[in-house]
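Some structures to go through are shown next.
Note that chain A is present in both complexes that follow, paired respectively with chain B and with chain C.
Right after this comes the complex of A and B.
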């Protein structure tokens, strides 16, 4: 390092120059929770279940790596006298879910009976078991635990795929 | 690791006259809650004044028994667990595991899936190196690179989110290929990002490369010569900074790497500063590979993304080892199959764990403040060290 460099601190000013160039730039961050970034279409968030489409095959429960899905069903005669599976329980331990999406991939119905692409990610609660150990009542309701993403334009808000047949 | 092993006996200095307190050496705990240990690493130091006489890394604070857990899961169910080892580079973890299972099954991965996988790997490498640059610089007192690198990393995470739906724990590869195809416009957006990356890397270099404070803290610190690196089994940028051009992408090619053009940057002095230079050069090379992949994918927008894999994966009894060049070094999966639908044994050769073993040798004789620089230079992720 030459004497001139020692006095003029050229290397330090090169770094400060980068900082100075960024002074006038607009901020890249947003003020959460006043503003929130909308997740992408494939974003894996909170579950949604369509009870009518579900064929009670329990493949999602089998494929789950941490066994957090519990399904119980019984057989019932419908009006035509045919045997039909009825869901008794569809429980999900949301506290342990790691949102890998393997249950959604395992679902054999077309369209699928489980969605993770609900764009819901605000799942923090005060009561851990009441809100995060979910039963079928909470899993199938769009406005319960699965809240639509608060987009500015209500027309653009994601719709409940279960109701869109 | 410190007292019992031969060769380390020389670490203990000859007895001297007792000082006022009757002690020369003091035992000092560094971590596991120290913010500069990048997680929960505990280093038991023996210090003589400010100088480190010996260091013993004490790992296991984040041990989750992942390797045992693998044995209880069927083959596809293992993939989300591999995300959680090196959690800042999940794509390479997925890739290495899938390669091992594909090897034992004998499955051919379609060309398009190979290119997408390589592109995801390189994006992951860029994001991991950017995170390393941010945290290593912040450890040594340079806070500005943190903001700039995280800005670019955010773009990569957004691209990951658009492709597979997650930002960090990606679960973005499947045995035999990929879970989903690319979304429309994804390749163009990725290409546009990598086009702008070169100027951004110049910016980081402006901040650090010639900065005299950065150089004072890194030049000549933590030297581990090439022969010692090889003896310890160190891989990745730490080995390449010592002048050994060992890169799994070139040495044991996998996927479509033989078709891509890239250089292997190597250092000379094997110190912390050279490791920084090697990683920055790797950012540029990753950008080069990613742009070639984008070109190929733009030319081939259609195609299979998943090979012919049976519905229930039950490989014949046998063994397979597959490795990839993860951002931290050579990441390998050694799979033993007993013919069941679950692995009999799945051992992970984690680069962070292997690299960390050389810490006592690298830090000997340095000051306590240099320990922060040396731990930073390894680019360890404790999730991978402890598994």
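Right after this comes the complex of A and C.
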């Protein structure tokens, strides 16, 4: 900075100018409880379970490092007379989940049967066990804010580099 | 009712009560305005839930502060601890006695008749500026006693910092005020305003440097950002009022805002013509007289208060050595040199003031314009370029 710049306090005026320009800008604040921002397309919120795709292998429950996935199933004859696994229970103790995503990685089906897919991020509850204990109903149908699975077409599906090796 | 009783008791008491209430009210509302403006500067919204768009937030704060526990630390020096907020507030409010808010005005009151009185809280004191500097300096006692009486290290350090800071910045502030006194040839605030009318120019033009020194010192005197070291949150919790709560804390808060209003009003009076309209001698601007004098004053004071908030939203806090360096190594010599300059101009009378004002304004505006229009520094000449390669990050 030259001496003249310092005498004229150019840096001071430049700083004041920056804040003055900000004064004219509308606030970025979103008044949360009334309005909320829509998460981006790539947002990975809460778990979603697709009961149709799930083969009841329980790999996700086995892989879970803190054992918070509880799966019960029984065998049943279907219309063609073949044995078919039916889910009795698929529970996820959300309040202990650390979102490591290992269950999603362990899932053998393609597309995945369980994956972090919803745009839900409001996890607050008034009771400890109220809504953070997810059962099948909650896992399969969130409150309408489930985004479509982006790679439903296998031809367009991105190749998992880990699996390709 | 005798005239002396009316003029010596009734009117002053009424004015004092009105002044106190108005200052307390304005200080309260100012907290809300400050939060909203600060939020706008930071692209936020600020408090907007209580009342219409947050308009009652300050009232909620007042109720909260009054109903909070008035806590005194167990080993505090109790008398000093309780006395300190009053020692801060009393000078801050006393100063309002001599501030001129407008020219004489007349009202016709029921039972009493026509009353003519200046819009002062007390009177046009002929040594008003001296009184103002003397009384407002007492406030530092309250701050240092509050810091010491709290029996807290944070508070003590805050109090000591405040004492050091206020003493340092009294000096350049005093010199800046002396410059205004030289131009006006009087210590009376009313006479200074009248002198600006006579000279035909606001003293901010010939006293550009003095005004700058005065306002910077004023910001430092009121412990406002960027000079808020006595209450530096990141270092001292809350500085001298760390151990205060409830209404006593509110009194510290109120006196800070009262001091801001005083500094702004005095800056307006000394350098921006007080209640005078812009260019008070130019006849064709006479239509500006529609605005009453007091409104002009309030407008200017509001602008200064906005600048206070603007500073708060812009600048980071000084380090203590930088603060002292600015006070003693920059402001003091600048204000002293300016004093010599202004003294020579004042020797020449009103014409000298006008010439000095024109020269300073043109030099300042020209310098800013040149800085704006000069070619940008070519790329690659930043400080990084000159350094040896291994130092580059």
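Quick note on the criterion: the second predicted complex is superposed on the first by the 119 of 165 C-alpha atoms of A that agree within 3 Å, B and C clash if a C-alpha of one lies under 4 Å from a C-alpha of the other, contacts with A are read in each partner's own complex, and residues count from 1 in each chain.
Assume contacts are C-beta pairs under 8 Å (C-beta built on N, C-alpha and C of every residue); 3 or more make two chains touch, one makes a residue touch a chain.
Here the structure is a predicted model, which means the values were calculated and not measured.
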item	value
Which superposed partner A:7 touches (first chain B, second chain C, both, neither)	second
Chain B versus chain C as contact partner of A:28, first or second or both or neither	both
Chain B versus chain C as contact partner of A:43, first or second or both or neither	first
Partner chain(s) touched by A:117 [first = chain B, second = chain C, both, neither]	first
Per-residue contact with chain A, leading partner among chain C and chain B	B
Which of chain B and chain C A:100 touches, first, second, both or neither	first
First (chain B), second (chain C), both or neither touched by A:19	both
Chain B versus chain C as contact partner of A:108, first or second or both or neither	neither
Residues of chain A that lie at the interface with chain B and also at the interface with chain C	12, 15, 18-19, 22, 28
Touching residues on chain A, where the partner in the complex is chain B	1, 11-12, 14-15, 17-19, 22, 28, 39-44, 63-65, 98-102, 105, 116-117
Touching residues on chain B, where the partner in the complex is chain A	73, 76-81, 83-84, 144, 148, 151, 154, 158, 161-166, 169, 171, 179-180, 183, 203, 206-208, 210-213
Chain A residues touching chain C - in the complex, by the definition given at the top	4-5, 7-8, 10, 12-13, 15-16, 18-20, 22-23, 25-29, 31
Interface residues, chain C side, partner chain A - complex	37, 39-45, 310-311, 313-315, 364, 367-368, 371
